């Protein structure tokens, strides 16, 4: 199988693949605590794994992941006060996205896919795309197209039912929960220790955000729901669903 | 009843109210098309109306609304290609929020509430709050607290059921739909013309965003769902629910 | 009479008016103390009132006012240490102007008028216009034209003589003085309380600025001259003069 | 006489002078056309000459001049479309002022004087001072004080009468006119050629600014009034008045 | 052996290691073409490999590598016109460094080491460190210390002689040459194909930089010297020298 | 001989010279301590002197020097903690370069030469050039070309041997040493006092940078090597070599 990681290609090979029209997927993650039972890189590893599998299916390429992301929010990531969570200012995230996209366009890439693995990145990725398109327009490039997606948006109700058996707490509190833990168990079992999962009820929050955040709102684990139920089999299922769904979407999205 | 609009107070009155501990609510809106049947200012007028009513209940003050917001997104606001929609770069939104909060803190305000009326503003408000708190910290101010809320997050399932009778399409596509139209009918009937509502099914989008946006994804009206069902009575109900919910939340949130 | 406020139009109406060539006026103000006898919004309300009347005469439109402005300077606005004065960094003001103008140009607007009501905004508005024109040029738009004006520059010597009877202290110290108070008395009498005017001599300053400002240089009222002489009739006169003067100027300025 | 130019001192000498409490004057100028009869550096040379003479009198030091300034405006400098005029963005001017002031404060300087020679710089200098004071505050430095002045504000009515004999057109159109030409004739006669003065009436402008500027509004010379009347004797008079006035003001301003 | 990669630790483990005083190494790289015989990630993989080995020796931790760097310069990296080279603006690089260092400091880290693998990053890393220290100072953190190093600066003359046998062309043109190729052969042989090395003489450049760059100045390979001589044994030697040298330096540098 | 300093030309003369194709040289310096025996402006005066002599030879023009530069680094300039050293943030330096180059291009200049006299400026000048070229491209200007050079890169081995007689310590530690002192002795003998030279061995540094810098690493003089050997004759030799070398290079570089 052909390599899909841009970083592992020599430039003439990359140039050839770009000229042939390969779309480029860019995983966008974060360095963020995900509970005592798991490493801090799921937001990087998971979109990377998905992007690579999708790229293999659709003849795409995968750029190096953006390894640091926007500040963790308490109601979706536990909060940016946690040890280990290492975040960038919004403008920094936006600037990285803008710069990388413009460089890809300079190479000749015309189809880019931002594969997001960290909820809080979303708006800043969007702004980065908007700024990149604006500057590319100024450079006379009008046919650069870009897709932004978060992989969990491709998990349908059927999969949710199968995994959660009716106890789905909502993506909002899935931080460090079943979704990410299952995927990590399947893909990187050495980075998960299920014996350290803290089995608590999903975090509950008021319908507003408070700053400076109140640490006591975040469960001591740093997770917003329990990963107890997670299995590697669930992970494989989710991975398959995401890879198939995204591959199918990308197969026609740029037409 | 005491005036709540900061802009309408003379400075000594304002200074006194701040010294007495009044929280300050700041409506954050947008100038954005909301269909052929409605003016382009619901995102400003609605959070302002709610903020003023809440302020009256809790002894708060209301700062002038932020009248321009972040770029309209196709899946939540029809897209930033529409005529009339007049948006700011993300950094501009963030800077306004940061600057205004720091000034309030200089006055002695210690409780601020950002009342958001435009979904796309959320992350940039959050970043503005974070930057303001950071700089206030550098100025030795550690007790400034800030709440960010979007008013629709205070509308519960019961209200939704009562209004939508089971056909709730989700907040995601409520742009220019029943929610905003009903509130405008109640508060600003002169800015709504129900005869111009285009009664189409809720817009459907793929689970990703595409840039440059595809205009054909947005219904020709610019709305993402039909406002047909909206009545002034619904608007009153929603307003009451929001005002009560937010007032109740703020009554204890800063404790 | 046709509505002139952009925010109150539905987008198709706005689009039509823009296509027909309507100029757009943008009031640029500030939230700034104006003495114990007056609300803190004259710098927003006055240019807005003027802009709306001018728009009615010349077939123009009025965009939502910029409600926060650049930092109050001691010799023209009392200083940015006063309670209630809520100001933005220069870059923030410039960015707002730039972003809004670019959006108007995207809609098809080709004539814009910044109607300034806060002296300190001037240079930052100018820079915003320059940056907007630069980026519009990069977007291939070369026919967007922009006027910046401060309404008091349209008040001639005759009007000054009539109102001040030889005691005109100069615009420099008219902050919270006769000019603004008279206009407010005419337009928003409920926001003025003449019994609270502090009748002091015009503030006198050395021919330089000092930072950090010396609070004792600003009269305790926060005003730089006395509003004692102000009447609603003066306000009507000034308003008429400004509206006529600006309307006349705009009638031919873009030719 | 002791050297006053910081750039010409060895660091131990500078350190000693700073420790002794010397105020530092910083000329802020521009590279801007000043008509066919004069070089493009009056806005640098004149405040520098004044600053050096003032420094000699008050025991101060003079930092290297800021040689590039904000964009020339048509109604005060002929416009930024003229050949030779070489200007910076507003943020760049502000950043230079901020950075230099912070460095002086790090050295121990506590009294700084911005001596402006280019009208258009004013607001951006002010913002630079504000940002510097803000960051110094964050660094725990609260006793750094700063004066901003434009040298022509120290020229009184008596001097104006003596030079202009009743024909004073106002500072607004003195660009490349009598004031600057006279000073240059006295200080740098080799950079003036009076035979090339174009003797036209003062430029007249409407009470607004127009962008993109209309080149035909600026006299072909680039000057806004005629320098015909200028003599070296006038220059000496103006210089003396400014140096005395500024020296006197600074003698007590920081007390 | 204990894990050294921060991203692979659960947060409580990381927190413990930080509390125990572990220094954190941050590889800073680039996505940059390195000739037809090698992948585009040596500037990431090599400092990462070195950082991990050093961390193991000195009880340190390794943060996720910065995978994109500053623009490739023609005389040190072939130029930023090459396909595949994907670079960031200077401000973006600086912002990443600043943000990441501040977050580490928030966690309690007090010793950070930037391990640079891409020459062009140097000044922007330095600026990022300076800005981080400045803001940390404002946050009352005065004991955060930071080292910046480029790994090749630890290769002494003896090693150079051993490898180059007197033909050392200078680090300046070692881009894609013996140094990087040898290290990659040792560490990642699958990412090198020695059969594709183009054996040309070291590139020669005039003593200045020219923009826009002249593509013909860069050898067609994109390398600035030939990797022909490179062997895995050389790579092991260089790696050992660097790891030992850096480990020894760090053992005492923070004392 | 024709004047070469742009600032000393009237605009019509400048316009003519630009139209005739004159290249423009821009000295880029710093205000930085250079030991107890020398003024703090060598980084400005030396590139200016060279630029002017080169301009006379090649028919070029010289823009006003950039008088403040990037932060002094300990291993090349003694460090930014020294009194007198007055530096700008990286972004400020970059912005100045970008703005000035764009203005020159607006005038019609198509060949610009940045003559650097302060090592630490290099990367930020490069970024400024890159940003200027980018924006000029957006303005449709594709033929603006730019050279960046540091004058000492034109001093060959023969000159080094002649001056240093085998004791050349490397440019790295030539800060305030023989090179700059000799040039100053020749060009500005009044700004050097050889009796104050501190004759110490060249500074020695580890192969990394440490922040916050360790003041004790910098020799107490602030110089990194001794200027003892410097003579005016050496200065003349170096000046001649640089002027000839740069003139020769520029004679053909833009072809």
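Points worth noting:
Labels for the chains are A, B, C, D, E and F, by order of writing; each one numbers its residues from 1.
Methods note: contacts are C-beta pairs under 8 Å (C-beta built on N, C-alpha and C of every residue); 3 or more make two chains touch, one makes a residue touch a chain.
No experiment lies behind these values; they were computed from the predicted model shown.
Chains that touch both chain B and chain D: C, E. In summary, the pair chain E and chain F forms a contact in which both copies contribute largely the same residue numbers, shared numbers making up over half of all those used. When the CA atoms of chain B are superposed on chain E, the rotation angle comes to 120 degrees (nearest 5). Annotation: D-F is the more contact-rich of the chain pairs D-E and D-F, by number of C-beta pairs in contact.
Each chain gets a centre from the mean of its Cα atoms; for chain A and chain E, those two points are 26 Å apart. Taking each chain's centre as the mean of its C-alpha atoms, chain A lies 47 Å from chain C. Residues of chain F found to touch two or more other chains are 89, 91, 138. The list of touching chain pairs reads A-B, A-C, A-E, A-F, B-C, B-D, B-E, C-D, C-F, D-E, D-F, E-F.
Those residues of chain E lying in contact with chain B across their complex are 135, 138-139. Chain E meets chain D in the complex at residues 137-138.
Residues of chain F touching chain E in their complex: 70-71, 73, 80, 89-91, 94, 120, 122-124, 126-127, 129-131, 133, 145-149, 153-154, 206-212, 245, 249, 253.
Put simply, chain C touches chain B in their complex at residues 6-12, 14-15, 18, 31, 33-41, 44, 63-68, 82-89, 91-92, 95-96, 99-100, 103-104, 107-108, 191, 193, 196, 222.
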